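Both complexes shown next keep chain A, but they swap its partner, so chain B is in the first and chain C is in the second.
The block that comes next holds the complex of A and B.
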């Protein structure tokens, strides 16, 4: 083999780069796989089935935001005889009261940064966050 | 119809993964065994390729120069186009790899009435390549959020920048569009430009179709086919893969296995196809050699070892025979030897 002095370090760098996740995870403390916290109040019903909410809650929240803030359609949604006002804090967080456990645990684990909290204040944290 | 075959192969791969992953027990094949196998083929294959290349000697100093080489002091030396030192070579290689300078020089030739040939600068290939490669790079780095636990800050930044338009939910990424667009542009270039079309082979079309399908299945999984796509489950599997303890927590939708299987196919195909240019670009002698052939003699490593042979040495070797044959010699035989012969 020619040019060993550059080829071998080059190959080592390549292998280290490709296996980066392997040794990064080996040298960092893993977090537990998050489990969604069920509503503390014991509510069983939501605006949509659990699987659908899990997969596309962000789409629904986005639609609600557009309808309420941009089109002024504030009519409540009625599902199974129960009325839900369109809004993160008015509907979702009525039952799922704990933001850290219900929202943040999965979002942090998968590095999802929803910009809900750019405008919304975390319930109970209103005094701390002022931006 | 070389391009049609590429589509057929990719469709076949999609069908295999789509149907195969639905058979009970098979998710472990598609989600665990094949990714490990593909990754080993990728790593092993790339290292093998590079070692094979490194074993081939470079008999001549064959750098391509595009500017004035180092000469007399009053002649301006083009340091980047005709590098004379290692530092200049490194600078040239860096710009080649990061900005694709050789594609920037692409020209379009046309025959006009006369007949005469014209050449004009054609930057499209360069633009398409930049869109394609940088989108692909950002997407690969962005995917690290699914493999790394905890997610390092620079991946957050990259994701934020990529989704800066904040369109839709989940956020729409610039690079997703870039990759699809890049694939389509490079593919249509091969179809539309006649002289490129005639030299295009299945192994030119296939990677483009495959990468397009990977991007498309990824986008479908993120925005449209959300059934059983729970990102927490997926991350659990992928972190499991890289910590060597993979588990499939709950059922994951077929689109995920299709996406993953196509990526595995790409990884396994990578080292043995034209895609290995990502390693080859570092080892191309026309770029990584110094343009110093007037200052330093390039010695072909496979030259046999031939030592200089002076006349004095020649005479030393054959003196007896020369004297014997009556050929005049510069240095006479020693008396003892002369006696022996006579």
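The block that comes next holds the complex of A and C.
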């Protein structure tokens, strides 16, 4: 083989460069799946199993919104003996009180920008006086 | 070759004729049962009757929530009007913006001539001249705002007759503000949050770029409470809230007994807010 001395190191460098995203991710912690903060109040149960909530909480919130606003069905949802009022502020944020450590951690990771908090208040905002 | 062209032209001609003629044939033979304009009723089961006048509302069905404001009990008590407004503002996170153009109003006070623009204010009584009147969204049975909304962000809530808003859906086009003859809608020209004095954690705020209005306290009704304005002036007994379609409700008892007026009834919006002046 001609120019063995340049071709083989060149190939190695090429392969390393091409696979850079793979091994970079393998050694860095930047892309680890975020660990969300469990409810500080110690609640163990949600309106649906964790896997279902993780996958389709946004669908449920939309359904709740339409039921409450369009159909006037504002009655609370009872799961496992506990009543949850339908609403982001009134149900979710009652237990998951820290938006930054719960909602934002995954939303940032998956790069979704929900506009919930343009209007809805986080418990932190609701507590502090704005003026 | 010539023969084929002749045949093609014949077929093309017949097809074109059939295409032009078909709609007329369909129109002539269509069954009238399928036509959409017959047997139409509106959202409240009220038969859409034309020429019956704005005052007559036939065969009401379902719940239609309404408000009766007895101004006789509020004359000389402007503090009660302010109290009702303040209660509403607090419950619904309404910002206090000191500008006529940008202010947000759900329920507010205004002089007689502004509230009842179609009533004469010529040689009106001292009481009428000197007192402000409490005005809010009329939750019309024929709401023009709902008709003009291009996204159905505002709609009649069918179980209560409340003209409601879905702020998630509002695109801020402000057609409804043009449509509403009562000025009952306000636009958020900027983020309202810095202007809210005290936040109610159970109710959202609004965001920049949406229109907002009175919701008859739909969220409080669900909890079995009365609207905030009604509760605020409870001791004066000046505002009565109830179902206009229920002949036994308190509001109907008073409506049957007293002479009441509505704001701009001649427009045919069928307001659900009544006044004793």
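Worth a mention:
Keep in mind that, in the parts below, the second predicted complex is superposed on the first by the 92 of 131 C-alpha atoms of A that agree within 3 Å, B and C clash if a C-alpha of one lies under 4 Å from a C-alpha of the other, contacts with A are read in each partner's own complex, and residues count from 1 in each chain.
Just so it is clear, contacts are C-beta pairs under 8 Å (C-beta built on N, C-alpha and C of every residue); 3 or more make two chains touch, one makes a residue touch a chain.
Quick caveat: nothing in here was measured; it's all calculated off a predicted structure.
In the superposed model, A:79 makes contact with neither chain B nor chain C. In the overlay built on the shared chain, the residue A:71 is in contact with chain C alone; chain B does not reach it. Shared-chain residue A:50: touches no atom of chain B or chain C.
In the superposition on chain A, A:12 contacts neither chain B nor chain C. Partner contacting the larger number of chain A residues, of chain B and chain C: B.
Looking at the shared chain after the overlay, A:110 reaches chain B, while chain C stays out of its contact range.
Looking at chain A, you'll find residues 115 touch chain B in one structure and chain C in the other.
If you check the complex, the residues on chain A that touch chain C are 65, 69-72, 74-75, 89-90, 115, 118-121, 123, 125-127, 129-131. Only residues 155, 157-160, 164, 166-168, 193-194, 196-208, 218-219, 222 of chain C touch chain A when the two sit together in their complex. Across the complex, chain B is touched by residues 1-4, 7, 10-11, 14-15, 18-22, 24-26, 28, 30-31, 33-34, 51, 54-56, 58-59, 61-62, 106, 109-115 of chain A.
Interface residues of chain B facing chain A in the complex, by the touch rule stated above, are 39, 42-43, 46-47, 50-51, 54-58, 144-152, 155-156, 159-160, 166, 168-170, 226-232, 235-236, 239, 242-244, 249, 279, 282, 301.
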